[in-house]
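If you scroll down you'll find the structure; I have some questions about it.
The letters A, B, C, D, E, F, G and H name the chains in turn, as written, and every chain counts its residues from 1.
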């Protein structure tokens, strides 16, 4: 539509129905969206192959089904995060080819497989309670075409368990580290590797953990170099950031 | 020394003076540091070409001169951040080949030029007061072998200034965005590009900006995908993270 | 009653039953409320045509019905905010001519149509989750005689959607912007227009959004000029403020 | 320049040197700023008559002189806020026709008098320590063409002083209320009038006033209707908001 | 028992069985509680006529019944605060002569009427939602022998309602003011009277009221003289403090 | 003046120049201050004998001298709090009969001795660093006619020092307790006495004392009955509150 | 496996199949975990006799049963903290020899009695609501071989109850003090004894107790010497710390 | 004196001048301090050999000299913490046998050498900026008779440096760990050892380190067992706690 209006204007100029000066003047008054199409088109191209993302929390199963259905019609891959069992059940009933990642509380629908990137992202978590966040990060990576190595339950209080996984760590291209409580794990990991570490504070803990704020602050103050921090429990954000880094490495 | 002890043990095994079982047993009791050299060696290799970093804040000019001198003797490139004019003056007197980046409050000594990576990092800041942080990020990138495009004074309140720089943005591989006050710029930028955006909250502002906390929180809560957050005013951290991403893209 | 006492005193003075000095003295001792009627009367006149407002949250359906009934008897227009479905059901049963604005969680009873003001208020929200707050603002405007244009789901991460609505924005007299998470939208909007922007932080978000505090702080620190901030989720306050501005424009 | 490129393109289309399809294609690739001029032009027109604003805090006298000189060359009215005595002295030496508002810590340069709006804005403050903020608001209003009535030292602890000024209050179109400590004054004022009240928390107080945070929170939680809040000590923001409301009333 | 041991010791001294020096030495080693009875006795005397207080929140109905039963057996008056309907029901079943103050969420059992003090305490609240706290304060005063005048729903946004009650205020000896949201009412009241005002912040409000913290801070920063602050929602504490002040006035 | 206008109106009514109805109508329109004199007069009477108070902090010596001079001319007793040595020097030069209380950082000018109340207020502090606040409270009491017993350096870590002063405590009518750090002293004291305890948190401490916030919070959460809290370091407020309680006991 | 690889290497050296130099070189490249067994073995030895600990909160009964079963198979003593009644029921059904400590919300399984330490730890709490935390600390001590003396309900508001227990306090080797609200008890206790006091803030309180933060801050700011603080409600941590101190006293 | 009164009473009983009943009665009325001597005596005995401690911060050099002089006269060992160079200079001039620990900002005067305890305390710090706090802890230990091993600059970002010191760590009886920024070191250390770890958050860092609050929170939330936390920068508290633990191990 916008394209049409602009095309019509240029046709009129070409046909001599409208002088260039008049065209200038009409362009001035033309609503912004009429020239915006360039960006939109461009934008879409750039993001091609990436899924549409639905934040399930606070939505009814019906709403999520409806959104997924619409996105499928547009041919998009879909990632639903923070999916409750109720949401999962309804979506699976309507779309039996959707995959439910229970631990990650995520649903994925892959219509066209994403472009693959060489190498892998390591996803660590400090304790078993951090697993849902770590798994959300892992599933996000995977639907964005990035291979994942999961390394779970390697908290700093038993640091030999982390060290036992050093080879996995050293061969990764990016590592995502999920930790609650004192949030120390990303600092230790970033001291061992020489590539970006994405730190995800989790809301695991009690008392003065303040729902993940302590871990968040600790990560922001890491004495190690190369630590990128995202919001508390934001496994999706960490996964997407890792995928963008992997892609930056392949542009 | 540790190496010596280990070598001696192996020699004894080879010479039949010590059975393998006995060697196993002695290794169990051998202090940790004796086998640690492996990691240290490795570690150093990985980080080769990266500068040693000195946090100038709170150090006397004499202390900084002394540290720089020692590092130079080890053949390291050196980056001094948060350098006061007094520190700069003393260091330059002792090491006339050091470069003083006044706006960035940084000193650099490059003995061996760093490995170069293709592409560039865009460094943005919202207002002129954010410039010292942005420049610290830029200087950090540069001493780590990464080219930088500076795009300054493009706050969200006059968003056309940002849009006028879209081509610079779109061709970058990573963008560092420094902003104080409401910290909205990284969200807007991350909505326009499809690669990682590193958000640096600055302590610019007054009243309820709480020395950068508001900007920090805003960045952590970005509704856009691909935003990595570092500590308030941590230009160095952002630059180093960007360089690690650039390197990850070239491993 | 108070008026009566004062009138009686003046009559006595007129009739010579009471000297002016004595009247002075008795006025001194006369309770405050006896002369207060002036203000009350005045006050009522000033606010004429504005609805009585009931904050539904924490009240039982019965309490709300009772209040609405009393206000109706006084001939007031009524706005019930934060109305639960239970409240709505009970009120509608008792007052079938009340309108239930489900998305806005509001009930309105209009006995006498409010004075209309020329022009309109644009009500924006960043995401669909901000809609209840935006709608509360819109309904409040409308019952105060102000026309509203709703522009929803125009967050900063996809800023072209906002720009596509620029004409609606530019022709408004006031814009109310509701946003959670990083709360960046009001800054961007206020940079595009030259009239007051009312920023409403919403509690949408998680982790370090702290139930809307991050958005609130971001809005208070806006680098743009002309941003008025209200409490978190306070759609009513924003709508009423917009209506007062519209009225100030017509006094 | 941008205009030139666009004009050239349209001329080419008109001259048949370029087909409309080709023009469409080139427009897609044309940098954003080339079509942005519309907004910029527009933007400038809308804001005509408003001063350029310089935040003096943290700038050297030389920097401020330089900025003011450049703005004067562009024919702009200028408002310098948070001006130290040193800044004032230097600016006045370079620009003797600049006015120094000592209490407001502001400098103004009026090359062309602003458009005047009918009515006035009342500027209140709770204590004498709030005066610098109140005066900054007042000076801002005045350079934006808005008349001001100053009503100082009318805190809630001696509420009769406020009531003694009721006539001034009731005849205003907007009132700006500056208060520190418990920040109660805006609520009381907003309960007395029926137009917008702009609340400015000040950093006046000690202990649990937390540099104005207590007053800020109190104002955001006002039980009165029609209260717009700005950042702590943001007299300029309040003044500009008031002027925008006055102008909205005159569009 | 303790008394017995001490008496025995003194008897032995009197009987010459134990020298004073030996008694001194044994007193040194005698456990603290043996001489503590003095204080305990004294203590009890001082507090005579005051009720035993049970904080009902978090206790089961059975626990409260058990405590009340035990206290009754000791002859104490009893005040149960934060009583749920379930607690009230069980206690009333076991002790039919207990009075349930529903609005105050309190239960009282008066075995011996408290000593009465001349004068009264005014208990104010800003809004109807503050009533439970205000009523808890009032009931506490009454069971401590202090007469109460309740003045409800006199918030600062409609300050004439407060002024209409000035005579009640001026004749009180102490006033308790309960307010949530911006917590401004105690400042206004303390500016009108010349005796102690006890400010009780309530958790009434939403968003940036932070469960009463805003009101609490506002009250602590009151610009008026003579304001005593207690914890959020601590109606009991306010009532008991008022009663102690009344008693201090009668010692 | 106001009185004059009102008197004139009544005279006119008495003289038949103005009907009672007309007088009623004119009273309605008469500015508020014209009837307000009642309160002002009353107000002054109530507060008679109390000093005018000047908060010295942030004022220049000249400003304080000027204020003290004016107050002296009005015949008021004067209390200057938070007086710097510079302020003290200037005021003493201008008013040699002023008393400088160095430890309390206070200046007092007593023109007419205040009404004396029977009994005394005990003023305690936990450590020697709390003394300035405690002394400010004591000086405030004294200029308001209340006798004071100072009991300093009786912190909870050496609780026997407190107990050694029990007789002083038990005979007081009110106790003011100043404490920083963990702020535990008021709870202990309030558990020992049966009258009001005024708790003053001080900013003494470091690290997690947060400038007195920890002590403030501890005092607000006291498990003892009868604790009234004032702002951090607010010795004046505590002293004035104590004096008002003493006066309430004598009305 | 790791041991095998290392053993194989040493065998090869012994057999002359591999030179010591080659062995050094291969050790360098050998993954970290291959030499890590030393530490693990060691580690286990050090902690011998201590139970495995399961944090029950957030786990399903089935998960806890499964973990306990596995630990039992390994011959470990087990402590389950934060056990709900549902967890307790399921675990007891599966493991009838497990002990359920209801007040402590803990389950213990003792397969081999822990090493006993001479002396005892006193566990105090300020109010009955602090009991679950205190009991968790006590049960933790006991399963770690430390005898406990429980001293409950000795808050600072009735300090004579604490003093009545002085002999128990003075004979202890360590005291754990659990307190919510103002958290003053550890300071008082640490002033009375000359050994370590472990302070456990509890979430008991309301309003400005902020879920235990006030107590936590108070304890961190204790003016007494020898106070060790743990997280809010962390009875387990306090008990384990006490046991480690007891053991340190016996190494 | 108190002793005298009590002795006199007992003498009178022995002499028959006072019946036991009468003595009981007089003891009831006898002020508390008269029986308190027991505790004081006892108290002193317990703490014998421990130094008197002076917190230098905020005191003038003259005040500190005066206190040290008095304590010396009482024969006490003295520890002055937070000593400025000015304080040190003055004290050394007056007391040339005092030792100035420059890095620790401490002064010590040892008149009688403290009782020695077997074993040692390891004192660690994460970075060189944490050294003043670590040294304060070390000096405190030493003046309390505890030997110290200093292990500095072993932050988690280069964890091999920590591991190189494992033997020192494992042989200690207690370890004090000082760390700023993310405060992760105590967790790592406590995972490696099986005795108490005392965590001291330092104010080292910037931005979201909030003057040590982040480190403090991280330490309170440690996932490792056996971590005792003290206030920010409280090296003295940590040292004294360590010494008390050492002594508990030797009672």
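Convention: contacts are C-beta pairs under 8 Å (C-beta built on N, C-alpha and C of every residue); 3 or more make two chains touch, one makes a residue touch a chain.
Quick caveat, the model's predicted, so the values are computed rather than measured.
Asker: Using the contact definition given at the top, which chains are in touch with both chain D and chain G?
Answerer: Touching chain D as well as chain G, we find A, B, E, F.
Asker: Quote the value, from 0 to 180 degrees and to the nearest 5, of the angle by which the CA atoms of chain A must be rotated to coincide with those of chain E.
Answerer: C-alpha superposition angle, chain A on chain E: 180 degrees.
Asker: Farthest chain from chain A, going by the mean of C-alpha atoms per chain?
Answerer: Greatest centre separation from chain A goes to chain F.
Asker: Same or different: do the copies chain B and chain H touch each other through matching residue numbers, with over half of them shared?
Answerer: Shared-number fraction below one half, so different.
Asker: With centres defined as the mean C-alpha position, give me the chain D-chain E separation in Å.
Answerer: Between these chains, centre-to-centre, one finds 50 Å.
Asker: Compute the distance, rounded to whole Å, between the mean C-alpha positions of chain B and chain D.
Answerer: 39
Asker: Determine the centre-to-centre distance between chain B and chain E, using the mean Cα coordinates as centres, and give it in whole Å.
Answerer: Centre-to-centre distance between chain B and chain E: 59 Å.
Asker: Spell out, as numbers or ranges, the residues of chain E touching 2 or more other chains.
Answerer: Counting only residues that touch two or more other chains, chain E contributes 32, 39, 207-209, 213, 216, 220-221, 225, 231-232.
Asker: Under the stated touch criterion, can you name all the chain pairs that qualify?
Answerer: All touching pairs, sorted by chain label, are A-B, A-C, A-D, A-G, A-H, B-C, B-D, B-G, B-H, C-D, C-E, C-F, D-E, D-F, E-F, E-G, E-H, F-G, F-H, G-H.
Asker: Would you pull the chain C residues touching chain B in the complex into a rising list?
Answerer: Going by the criterion above, the answer is residues 126-127, 155-159, 181-184, 187-188, 190-192, 205, 207-210, 213-215, 217-225.
Asker: Per the contact definition, I'd like the list of chain E residues that touch chain F in the complex.
Answerer: Spelled out, the residues of chain E in touch with chain F are 46-47, 53, 119, 173-174, 194-196, 198, 216, 220-221, 225-232, 237, 240-241, 244-251.
Asker: Where on chain A does chain G make contact in their complex?
Answerer: Touching chain G from chain A are residues 129, 160, 163-167, 206-209.
Asker: Per the contact definition, I'd like the list of chain B residues that touch chain G in the complex.
Answerer: Per the stated touch rule, the residues are 3, 6-7, 10-11, 13-14, 16, 19-20, 23-24, 27-30, 32, 35, 37-39, 41-42.
Asker: Please output the residues of chain B touching chain H within their complex, sorted ascending.
Answerer: Chain B reaches chain H through residues 31-33, 36, 39-40, 43, 57-58, 201, 203, 211-213, 216, 231-234.
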